[in-house]
Amino acid sequence: MSIANVAPALKPADYKSDTTPIWCPGCGDYHVLLSFTRAFARLGLPPEEIVVVSGIGCSSRIPAYTNCYGFHGVHGRSLALAAGLKVARPDLTVVVASGDGDGYSIGGNHFLHACRRNVDMTYVVMDNHIYGMTKGQPSPTTEPEFDTALSPGGTGLRPFHPLVIALASGANFVARCFSGELNQTTDVLVEAIQHPGFSFVEILSPCVTFRPDERAWKQLVHPAPVAATNDPGKAARRIMTDDGFNIGILYRGDRSPYQPPIGMATIDLSELEKEFER
Amino acid sequence: MEASSSVSVAIMGSGGAGALTTGSFLLEAASTAGWYGLFSRTLGPQIRGGEAAALLRLAVDPVEGAPELYDLIIGIDWLNAQRFGAEIQTGPHSLVISDSGGEEPPPNLTQSGARIVAVPMKDMAKAIPHGRPNMIALGIACRLLGLAPEQVLPLVGRQLADKGAAAVEASRAAIQAGYGAVADLEFDTRLAAPNPSSVSRWLISGNEATALGAMRGGVRFAAAYPITPATEILEWLAPSLAKAGGVLLQAEDELAAINMIIGSSFGGTPALTATSGPGLSLMIEALGLATAAEIPVVVVDVMRGGPSTGIPTKSEQADLNIAVYGLHGDAPHLVVAPQSVGDCLFTTQWATYLAETLQSPAIVLSDQFMGQSRAAIPRPADVAFIGARTVAGDIAGAYKRYAMAANGVSPMAIPGMRGGQYTADGLTHSERGTPTSGATDHLTQLDKRRDKLNGFSFGEHWATVEGNGALAILVWGSLTGAAREAAGRAAADGIEVRLVAPRLLSPVQPEQFAAALDGVERILVVEQTHGAQFHHYLRAHYDLPAPVRVLNRPGPLPITASEIQRAITEWR
Amino acid sequence: MSKKPAEPNVTSLTDLMAVAYQIEIDAVERYRLLADQMEMHNNTELTDIFRDLARAEGLHAEEIRRLAGDVDLAKASQLAASKRGESPEEADMGAVHYMMTPWHALQLALGCEERALAYFTAILEKAKDSKVKAMAAELVEEEAEHVSLVHRLLLRYPQPDNTWADDPDPPVPQD
């Protein structure tokens, strides 16, 4: 093979589009975007074979900031759209990006079924414990005592625990990262994309504008006390004592991904009509 | 006695009596004999064991309109039969066969003066090992309608083969016994001899025809959330798509289903889902997304009684408003409506072709009456409407997904195509596809999406236009058949009637519509809605150049040819 | 969690040059991104400052390339990635703000340069090979010079009072 035929390895910058993000300077999502581009480069996937699917919210703006195909759909339905895309086009690498509102509130039902269905894709939720795009309402992961205009004095509600839900619903890979740990997040993303089936990566990504208190996350995050397991029971016991800041891969499962065979017609259309003929 | 061009038969019975099986076999037998027919069912609300009636209309020519008065009713039993009330009516000429050992037929069937004849169906069945009364009833019906045993016995053998030889034998014996029981019974209503015809025919339901039409049009992906009365479309597609190299994905709800098909279509695979009114309501937001992002999808709405949960097992035409107007913002899109069981195939295929060609969602407004009726129809023609999406070719330079084009349709890049990367978006966007809030881009893209539809030549399929009388009947969907019948009867009475039935409801076709109504003096709008949605739609978008009367009634009862004929006659 | 960068495991000259080069390249990328962010958010003063810092880091990268001679830096960089540990110059991207002042930018840059200095100092202390030691010493001197430079720049920009982030307009939803 001559040198001319070998495409030069793509660099992270090749996966970034020219569009400057609208995110506030200081937003954790900038690091997540860097992790995406570094992970894609490391995997060596052609950008035209990757599709980044998102819903609505600050995090969901990410597809247009990459040089891949993207879909910025409606609020909360990105997992369904991604499932239709991936099942019809198993040759593509599908990464779904969401936030804690889009993913855990309106998208909650689709989250359960995506984990259960286990189509091969990677689901990244940039969790900042707030609704940022709509200017500061509580999300399902907001602390019960956090005061907002929509919930004066705090919601008083127990926060949603996405890793528990993902594990219980059958996700084949479950991890939590912190946007400030760029290298580690990149490593986890690479593994998540490579891992067959539904990979769920929650990335704590502070909101500099509506949760300035989240500057403290840098000190609160810590490595998970034990290594990743492929035993869902072990993972379940671990996650029930998780303080919400355990960083690392929780679970790597062995479920086969759901992918019906595609493109192999065994009959002609006229065969299907025979049952009606008289 | 003069032979009739059509005969209506009802087979009634409850809880395991098998009335529907009898009806199904009767349609098959009639079809074998060369007749056409339409078979639908009505049931009580129980999950199992409820009262049921098979409703058939058999005819010399293809049948599209609902039965009116039943010429022959066979009641295997009459338990809770009075619930069917106004739905099953008789006239003084009708014949009601009742089981001698059972209940009396309900008064609503007999108060017309219909003749009641008792036959000991249950006892006869008991006398045959494994004999069943519904097969006795089948023999009775066949004999009275003039079907020969050799037109029904072989098909029983085929249909019941998997139940074993004993079951087949028992059924055949019961049928023969039924024949014998009414050998001397006079029944004046005879179907005219079938047309000798080399036209091959099909036996198919509207839902099956819808599904097949979609696949003929190129659909290879479906997402499914079951809902009455659309589920059969999805159930037919599940194995069929797989055999054709496609796939059906079951969704957790309609919100997922519509988004899944958008995902599949974005990836290049034509896609469809099927639902009814409540499901369509859930899908509206994503239909707006598909419109704005210019992604083709086909959504079939098999309309049922509404609003809200409504009457799931009955037909109505009241989803016109949501189909045409339901999307927020200015979001023109395709809406088409089949006009008969057979037309479900053509129209869904056409819808797939249009959606792919125009990069727009297409809503197909079918209804429960067509969807769940089985009809003997002439073999549908093979038509050349196969989805052909304009796909981006060699992409040089910065790709513009929504580039201006003479016909408003921009070449679409499919994931995998190098250089074609773009982000599809519901946000208002530029030609490049990037979000914008600017006035020029917004207007440009709105114009583009409107003009690509309005500028397209839909051709003659936009509507059925028959006759050129001074009175025009404006109908759509499953009422087309009844209107055509009414027009035929009016013509026999010397009243020339014109039939105009749009198949394309959106975008509207002002020029073609004006041409169709050229010279009319009276306009009769007929629709199965409470709020006269079709009438309001016509007034909003078209000139109605003559005085208008509206015949509208909501479901559950169909609007019959006789009713329409009466409205015509009363308006001289 | 990251409170202390992982210990570098750099023992060969090639690895050292590759790592040093990558640190500068990352810095260029980082300051360019920050400049773009500031430009998008209409902070022209900070846009200029970050563009200047990007340019400066670019020059540092060139310097390292010159020092590296024949070494294939791109190739070596991939190999060295795993040995680099958590990058010392990862800026605290959370420390930026759309209304940040030059003082803040320079504090951020100072932090980066001080961490780089500590990083190369650690390599210098552990180095056994004489060539590596020599090069590490040069890099330490370079970084020390960068630290001084930032200090000098800071003299021009006093720390702002605590009203620097006051925006009289409330935020407005976009989606």
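Chains: A, B and C, in written order; residue numbering restarts at 1 for each.
The working rule: contacts are C-beta pairs under 8 Å (C-beta built on N, C-alpha and C of every residue); 3 or more make two chains touch, one makes a residue touch a chain.
The model shown is predicted, which means the values in this text are computed figures rather than measured ones.
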Chain-level touch network, classified as line, ring, star, complete or other: line
Most central chain, Cα average position: A
Chain B and chain C: spacing of chain centres that average the CA atoms, whole Å: 69
For chain A paired with chain B, centre-to-centre distance based on mean C-alpha positions, whole Å: 42
Interchain centroid distance [CA atoms averaged], chain A/chain C, Å: 29
Contact footprint of chain C on chain A as seen in their complex: 13, 20-26, 28, 30-31, 56-57, 133-136, 178, 180-184, 206, 208-210, 215, 218-219, 221-223, 247
Contact set on chain C toward chain A in their complex: 1-3, 29, 33-34, 36-41, 86-87, 90, 92-98, 100, 171-175
Complex contacts: residues of chain B adjacent to chain A: 28, 31-32, 200-204, 208, 212, 215-216, 220-221, 223, 240, 242-247, 249, 251-253, 255-257, 259-264, 266-269, 271, 285-286, 289, 376, 379, 413, 415-427, 434-435
Residues of chain A that touch chain B when the two form their complex: 19, 46-49, 51-53, 63-64, 67-74, 76-89, 91-92, 109-110, 112-113, 260-267, 269, 271-273, 276-278
